[in-house]
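Should a chain be cited, it is by its letter among A, B and C, assigned in written order, with residues numbered from 1 in that chain.
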Amino acid sequence: MADTKDHAGTPGSGRPEPGSGRPGRVRYTATTLLRPFVDYRRLAWLWVRAFAQYPLSLVLMSLAVTVSVLTQVGAVVILFGHAGALAGFSVMEGLLVFGLASSAFGIADMFAGSVERLGNHIRSGTLDAMLIRPVSPLVQVAADEFSPRRLGKVVPALAILGVALSEVDVEWSAAKVGLPVLMVLSGTLICAAIWVITGCLQFFVADAREAANSLTYGGQALTEYPIAIYGQEVVRSVTYVVPLAFISWQPALLVLDRPDPLGMPEQLRYLGPVVAVLLCLCAALTWRFGLRHYRSTGS
Amino acid sequence: MTPNETLHRETPGEPIIEAVGLGRDFVLSEGPFLRRTRRRVSAVGDVTFTVRAGEIVGYLGPNGAGKSSTMKMLTGILTPTSGTVRVAGLEPARRRTRLAAEIGVVFGQRTTLWWDLPLRDSLSLTRHLYRVPEREHAERLAELTELLELGPFLDTPVRQLSLGQRMRGDLTAALLHAPRLLVLDEPTIGLDVVSKSTIREFLLRTNAERGTTILITTHDLGDVERLCDRVMVIDHGRLVFDGDLPELRATVPVPRVLVVDLAAPAPRIEVPGAHAVRVEGPRQWLELRDNPARVIAEVAGDHEVVDLTLREPDIETVVSSLYRGTVSVERADGS
Amino acid sequence: MRVHFAVYARGLRRHSTYRAALVAGLITNSVFGAINAMVLLAVFSARPQINGYDASDAVTQVFVGQMLIAVTMIVNTGPSLDLAERIRTGEVANDLLRPVSLQGWCLSQDLGRATCGFLFRGVPTFLVGVVLFDVVAPYEIAGALAFSTSVVLAALVGFALRYLYSLCGFWMLDSRGVWAVAGLVGPILAGMILPLPLFPPAIGDLLRLLPWASMVQIPAEILLGKESLPGGGILSGLALQALWAAVLLGLGAWITATATRRVVIQGG
């Protein structure tokens, strides 16, 4: 090793020299904060290229996902067609709820869905291999098997959302135009956080994966319809216990400017982003806690 | 990591790993769900050792002796329950991510390379994850490519590589960020003789030229004899030996064996300071308790000797007798 | 036959040891059942009769579907037969050397798994439905017998289809795509996402005739004693299931023979 370059190759290289002043410090902080995202992108891109080695499977999988989203849309249309309206929502309003839920869920699944395979990583020892890299293991677990096939869900879901937004009876003001983006973003964060939290169960219970699915995929199934149809108790619990209501239901009430059919507080509909941030915080803590547990049991 | 942190880089001979009273307990839950009982078992108990920069240390022990738990504590994967450990000046459990940049780890039974992609892609990912400047990466990759002869398969998908090629790839990936400490877990497992020797030569060179400290666990005692200046043996979570190879041989009373080829078959030899433990036609194996020269003189006085060889006990016999606390002479000549 | 029974028993024993997985599956199936049921109840409260189905029929079908997941593995989007992995790694060459047919071997093993899944995961899921919703349970002997037969036939059809998906691995480098399509599209065709009576009648009647309907829609209608069954009655419904089981298993046997010749020619 070149003895002249003392710290060659350590993450420290490229850092500002001590005393290089505030701008260097700011740049340093920025790169540190962005690191997980940069690492994620690198890992995800390699996975995309790995999947591209099997183009037929990739195409089939993407198509299958698209077909399944479109049939779910079909199911929404058929059900609203039979019933006329559900919870006071018309077909298009129903599709707005569906579009919000499946966009948020689809994007979260694309970026963080792999966390549900945590148990496999623990059993096969790949988690240990992740822990000896200078990259957050959460980033590595989430980027694992990142597949472009999930776009097969996200794209049609966003399209449905777009169509529904343009068809529903809403006065679009300048302030309201940014709203859908914010809603999808906070919905995505909520879904991703739930994914991470339920995934962390596998730190403690090896076979928790399928039970966790009842919260993740079950949560998606639940939020694809106006949740007022499930009755008061369900709505209360998915508002105050597991905040699924902030993925599609409260945002839809906000966009449509409609009173809550169950008489819940009107302010709730503005809380989506706050809930999202709190839940992400909660997910980060759960991950830390789970990882600490893992590192003190080694199993 | 704090921005202005500068790590002291050890000069050869300075400690790079310091473990003091290191221990790790596990809580085992047993029995059916409701009548589950909890039991504390110690995987590693009170282990103290120092590894100095530039050493190649073999860490040996039977399966379940606490080897992998120790390795996990050194790399920061596992938090110790007692004692302290410092690796490259850092406390592994608290500074795992920072430490990762200073050490390279290879698990022989598990590749970290991208299965479906060319080897080159996995290696350039390492550059990004470890933040190695591009020029340094290129230089190092060129050097490692030459030393490990990666050239012919750098662009081959990893799934098509042989086990030996894959191990060379894994070693490269672990060394591209120029770690000071290389931790190897069974690096030659399942490899053919040629691949084993390529890898051993390479490790010796890396150690000699770059001063990389190497800690190696292995069941292949060829690795130990060829590579290690020093051996630590762990059994039942305790360090039962720490020293160099001659010392290890001296510690355990495995006697040397003198193999004598006589001109004609003879009765079992029994002389002062030695006795035959095995007879096969004209060849006899004598277990030495005394100075070989005296024994040879004695034997040559009574018999016509055609040939003589003095065999040092091989390390496998010594280590396994350490594990068991018994000595078996039959194994000493490698039969 | 004795070999098959031994393999069956082994499959059953092996899966009954995955207790935590069985409980987890039970929770998941119940949650999904409850969500689907509540959506359908909302629809039926707006319109009590849709193409001969009422709320209780729809909810019953939902829980029949959830109960049979553990039997037919219809919703799995990844390989759900060991065979798929064994074909990918080439280990299948050893399996083909056995004196029993590959399909018979796999079938016995899978029926063992299905039996265990039905008893410890399927039936409890259905009971959750009975407790929480107005689910119709088979109370008469004749009905129970017909429904049990239908479940066995559904298991056969479910196996035969997954066996065929696995065999794709002989011709494709990677059969994950096939499994994904099957796991995502199969449940729709089977009447699991929506009961087929809710589809436009022409589509619903067509889908009933396809093999996937024999895994959810037909068993549900047999339990409910519906005249909308192909042929108009319980017996013709069972006959359709049996026909599909025979056709698909026959197809599987034929393709296995073809694939075996291929493997033998390639020298393993």
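As a convention for this text, a residue touches a chain if its C-beta (ideal position, glycine included) is under 8 Å from a C-beta of that chain, and two chains touch if they have at least 3 such contacts.
Predicted model, so just to flag it, every value in this text is computed and none were measured.
Chemist: Taking mean CA positions as centres, which chain lies farthest from chain B?
Modeler: Centroid comparison gives C as the farthest chain from chain B.
Chemist: Measuring from CA centroids, which chain ends up nearest the centre of the complete protein set?
Modeler: If we average C-alpha coordinates per chain, A lands closest to the whole-structure average.
Chemist: Give, as an integer number of Å, the spacing between the C-alpha centres of chain C and chain B.
Modeler: 52
Chemist: Please tell me the distance, in whole Å, between the geometric centres of chain A and chain B computed from their C-alpha atoms.
Modeler: 44
Chemist: Cα centroid separation between chain A and chain C, in whole Å?
Modeler: 31
Chemist: For chain C, give me the residues that contact two or more of the other chains.
Modeler: Answer for chain C, listing residues that touch two or more other chains: there are none.
Chemist: Show the residues in chain A shared as contacts by 2 or more other chains, in ascending order.
Modeler: Residues 54 of chain A touch two or more partner chains.
Chemist: Two or more other chains in contact with one residue: find those residues in chain B.
Modeler: Correct list: empty.
Chemist: Can you tell me which positions in chain A touch chain B when the two form their complex?
Modeler: 1, 5-16, 18, 25, 28, 32, 38-39, 42-43, 46, 49-50, 53-54, 124-126, 128-129, 131-136, 292, 295-299
Chemist: Which part of chain B faces chain A closely enough to touch in the complex?
Modeler: Answer in residue numbers: 1, 3-7, 9, 24, 26-27, 69, 72, 75-79, 81, 93, 96-98, 100-103, 105, 107, 110, 112, 114-117, 121, 125, 128-133, 136, 140, 157, 176-178, 210-212.
Chemist: Inside the complex, what are the residues of chain C that reach chain A?
Modeler: Residues 18, 20-21, 23-25, 27-28, 30-32, 35-36, 38-43, 46-47, 50, 77, 172-178, 180-181, 183-185, 188, 193-194, 198-199.
Chemist: How about chain A: which of its residues touch chain C in the complex?
Modeler: Residue list for chain A touching chain C: 54, 56-61, 63-65, 67-68, 71-72, 75, 78-79, 82-87, 149, 205-211, 213-214, 217-218, 221-222, 225, 229-231, 234.
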